[in-house]
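Dumping the structure here so I can ask a few things about it.
Should a chain be cited, it is by its letter among A, B, C, D, E and F, assigned in written order, with residues numbered from 1 in that chain.
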Amino acid sequence: MDALELLRLNLLSPMVLAFVLGLVAVWVKSDLKLPDALYTTLSIYLLFAIGLKGGAELSVTSFEMLWRPILATLVLGVTIPFVAYGILKRFGRFGVIDAAAIAAHYGSVSAVTFTAALTFAQSQNIPLEGFLPALVAVLEVPGIAIALWLARSAMTGEHSSFGSIAKELLTGRSLFVLIGGLMIGWLSGKPGLEQVKPFFVDPFKGALTLFLLEMGMVAAGRLRDFLKVGPFLIGFALLMPVINGTLGVLLGHYAGMTIGGAFVLGTMAASASYIAAPAAIRVALPQANPAYYLGASLGVTFPFNLAIGIPLYYAIANALGGQR
Amino acid sequence: MDALELLRLNLLSPMVLAFVLGLVAVWVKSDLKLPDALYTTLSIYLLFAIGLKGGAELSVTSFEMLWRPILATLVLGVTIPFVAYGILKRFGRFGVIDAAAIAAHYGSVSAVTFTAALTFAQSQNIPLEGFLPALVAVLEVPGIAIALWLARSAMTGEHSSFGSIAKELLTGRSLFVLIGGLMIGWLSGKPGLEQVKPFFVDPFKGALTLFLLEMGMVAAGRLRDFLKVGPFLIGFALLMPVINGTLGVLLGHYAGMTIGGAFVLGTMAASASYIAAPAAIRVALPQANPAYYLGASLGVTFPFNLAIGIPLYYAIANALGGQR
Amino acid sequence: MDALELLRLNLLSPMVLAFVLGLVAVWVKSDLKLPDALYTTLSIYLLFAIGLKGGAELSVTSFEMLWRPILATLVLGVTIPFVAYGILKRFGRFGVIDAAAIAAHYGSVSAVTFTAALTFAQSQNIPLEGFLPALVAVLEVPGIAIALWLARSAMTGEHSSFGSIAKELLTGRSLFVLIGGLMIGWLSGKPGLEQVKPFFVDPFKGALTLFLLEMGMVAAGRLRDFLKVGPFLIGFALLMPVINGTLGVLLGHYAGMTIGGAFVLGTMAASASYIAAPAAIRVALPQANPAYYLGASLGVTFPFNLAIGIPLYYAIANALGGQR
Amino acid sequence: MNTTPAKRITIIAERLLEDRLVRDLILSGATGYTITDARGAGSRGVRVSEWEGGNIRLETLVSPVVADKILELLQKKYFEHFAVIATLEDVEVVRGEKYL
Amino acid sequence: MNTTPAKRITIIAERLLEDRLVRDLILSGATGYTITDARGAGSRGVRVSEWEGGNIRLETLVSPVVADKILELLQKKYFEHFAVIATLEDVEVVRGEKYL
Amino acid sequence: MNTTPAKRITIIAERLLEDRLVRDLILSGATGYTITDARGAGSRGVRVSEWEGGNIRLETLVSPVVADKILELLQKKYFEHFAVIATLEDVEVVRGEKYL
């Protein structure tokens, strides 16, 4: 199957189409509005379900198989924020604060993009490592922490300590639910997962579809803000994921992951956080402009990955895997 | 199976019983109250799910098979509001505004009644055309637009233009979600639907049951208001669906639809809108009295169709189909 | 399988672990918060689903098989509040009002604890009477009514009549939905249940898991209040369920129920209400201190039963059943 | 714009009391009310049953005479045992004659 | 603290009107608004379509001149046919210069 | 009815700030607060992460002294970088001695 065919299949999946429907809803000024409570519920549901499945899978995975992919993920989490920060400061002429804020988003990971990659793999019957959700938890924190450290070391003044930032990230909703799900899945194992499968596993893709409808509406709002921002950041938001995605695929490949696993790790690297990172940045670096970091991550990179990035990273992983 | 047996089976379905439970909740003054967010979520879910299934079905239907049923539906959408308006003005002595407002409701269609008909057909193993949800979208707009046109042509004054009314209807939540679902179902086809089946297809009837619990509570409130209104409108709200339902079955029959298809088209014709129409009328004809149009459509016609109309229209379709 | 193994299996089920996750969320001050609407929705869903399944089961159960278990349940509902009231007044030196308020909670039943017992039985493949949910409805009211009567007969003054209390209990949300579900399940029977199974039956345990996550967060808050209260009530909240549970298992056994049935009846007896009772007591005995009755029932007894009580009562039922 | 002076009573109370409070308002002569769902904490901080939800924030626009009646009733029926808090303030209402 | 006197207009209306009201506020010169979802009852008590939800409670902080404009517009466009209720009161705003 | 004069501070802020604001209110001497979920728009209009929800509307009844302290703290900690808006008004509280 060639790259264009993959792209077509991805674009016509109910998930991507639901996202587009959300965009359209805003553009035609429909009065459609999903309740806040539904959005929060779906977020928690998706994160918890990802965690559960990953945890149940971890319970049957040896550390032997895990350590290299975890190392690869940590390398990504440390490298990407530096690269992003450098590009933004040097070529984009952003100030320290805004450069760090944006770098934090690209250094972290988007759980929904990750999920879309899983779903894509499943619908193409691509085999995958089951422990991938654990890597999401590993990737979520370092990028944000390093970006904050970059901002701090360039600024003077008090502000909260490194430890308190890490604690805030770990007790923040998204990571808490994800790690909580991982632990529960791991402790209760596959028989435990079996009991809750009709709720957390089977309807998962449908719930994601509904969630992406809402995401489309949110992204449309962000995109509008964003277009005022100027071409450099748009270019950044389109190129950065390709660079990070390629890097992720490569590292996954050399860490001995399957084609599918390298593809998903690449997608994770390419994705920009828009749940954990914005909340952390808003509080730790309130001077940073949300129109930049949200516009880039949610308005451009997220839809780009969803529509084009995912089949692209797969094509790369496939080409690389074929060489072996 | 005779008509009485059908009636009994319909009355004892969980959906109808849940509706009754909702009525009872209000009558015994239970403090049961479903959250607003649940009601909105279920509405969106049901409409989107109907759309998805219909769209996936459309993707395997030729235009050849479609055009006659669509024509029949359009004829219904144009005829019913004129008939209703005439009866209300002439025999009911309603003013132009109120007559048009009520006519708009009966000219449009209730997605929940439609769904109840589908569910009834399924539980009786009655074969159906899969593209029926597309007809709901076709029927939803013309009735409202014509009724508004009737009101306008009898009134003087500015008010919003015809085009803006059509746009408001099409971007209104209910139609937007339904058509959006249709498009997504059509583009992603049966394989797409398959992916989200455990969320949008399998639990559908259960979600409908919960929704009807809420509808029962809403209808009970409306019914109370309505009983103050007088016997003519009550009679109208009981007879109009029977007339429209019979008309719908006939047109469906002569458009070459199956017994099941003619039955569902009849139910659609018989049903009165209480989502799209009230919102449109409230804004376009604010002088109209909501106690009339909501009391009639939601307080009387909806429960009537749910309990008695559905098996009745099926019996008619069956009798007609047998003759062929 | 010995008691310790049962305990381990119970503690590692996703439900109990989700409860623990909720406790942890509060302890680490995570900003996780489930929407109010989700909590209410899940409550209604769980009660209605329990009712539906029980009702469908009732529709195939003869009165012959029912009357002895119902009698046993009534005996429990009448005995427990007297015992609890006596202990609290005599040994705990509580005032009339607070003693009665707490007694009402232990005399009634917790639907979630009941459900956890069902789920435990299922995961251990323990056969059960299907009509058990009907017993929950039977047990819910008398305990509260008797406790109120105890308080009233010790007090002077007007207050609402006995009849009005019973009516308030029966039309209160929780009992209304449960009995409503029972009626619908009974009227529509097993074929009716079959239609809504993918919504109300299959995902049930997953929904319970999500609900218990929230319950953990709620209980953590209560527990904190409660620890200020003093050791007597803590001891009471740990011992009372064991006494009541043993009594329930015994009565179930002598009423001819299966081992599984006696176990579940014991769990019901052991459980303390925290939905119906608090609402009733708050209104009927507003002078009573909620920190006592909620702290005991929700902060101590509920987690105790969930983690330790359930396998314990099963071990007792098993030992007793083996003797026969 | 011609407006009418009126009193606005704002009541914060446990959600459990919603029906009762509304009944009492109407009985005291209020012609309407508006409720929003709220949460909060105060000096007692004990709330019953999460299932009942948190607090409500109830507003009603009334004449001074009715305002007095309502506050007296609240005093008598709720203040001792329930977490109820009430404030009174002066506002101008458009079309005030409809509500007072 | 130095604060600026301002007018607060509070509008209770059917949710259906949200978009229209917001548009009109902005057109009249309001620089912002805050909305909470509300429910209630009044003298008419007829509400359209549950799908549209209940009422909204809309607040805006404005200068006296803008306040007057808004009330006039409400009067003209909504009061006859819709369930709209509006109150006006005096408040002190911190950093008032931003909003007025 | 005997009522006590008090100050009501109403704060509109991003939901993200809820915990921080509450902590600061209590530290400044407020004995309670009431929060409703709100949405809105203003001159900046930039809100972070939908996952955090929209705005909150936080009310607290306090004595004039505490009111001043709160406003000063808000000024110092939030006004520069966050979307926070605060108003102050006079109300009469029933059982005011409990809260002030």
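To be clear about the criterion, contacts are C-beta pairs under 8 Å (C-beta built on N, C-alpha and C of every residue); 3 or more make two chains touch, one makes a residue touch a chain.
Everything numeric in this text was worked out from a predicted model, so none of it was measured.
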Field: For chain D and chain E, chains touching each
entry: F
- prompt: Measuring centre to centre, with centres taken as mean CA positions, what chain is farthest from chain E?
  reply: C
Query: Greatest Cα-centroid separation from chain D: which chain?
result: A
- prompt: Looking at B-E and A-B, which pair shares more C-beta contacts?
  reply: A-B
Message: How many angstrom lie between the centres of chain B and chain F, each centre taken as the mean Cα position?
response: 46
- line: So, in whole Å, the Cα centroid of chain B is separated from that of chain D by 40
Message: Please tell me the distance, in whole Å, between the geometric centres of chain A and chain F computed from their C-alpha atoms.
response: 35
- prompt: Going by the touch rule set out above, which residues of chain C reach two or more other chains?
  reply: 31, 35-37, 40, 173, 198, 203
Task: Pull out every residue in chain F that's touching 2 or more other chains.
output: 36-37, 89
Touch relationships between chains, expressed as pairs: A-B, A-C, A-F, B-C, B-E, C-D, D-E, D-F, E-F
Field: Contacting residues of chain D [partner chain F, same complex]
entry: 10, 12, 36-43, 55, 57, 68, 71-72, 74-75, 79, 85-89
- line: Listed in rising order, chain B residues that touch chain E in their complex are 36, 39-40, 43, 173-174, 214, 218, 225, 274-275, 278-279, 281-283, 286-287, 289-291, 294
Task: Provide the residue numbers of chain F that touch chain A in the complex, in ascending order.
output: 14, 16, 37, 46-54, 80-82
- line: The answer for chain F against chain D in the complex is residues 1, 3, 6, 8, 22, 31-37, 61, 89-95, 98-99
Field: Complex contact set, residues of chain B against chain A
entry: 35-37, 40-41, 44-45, 48, 52, 170-173, 176-177, 180, 183-185, 187-189, 191-193, 195-200, 203
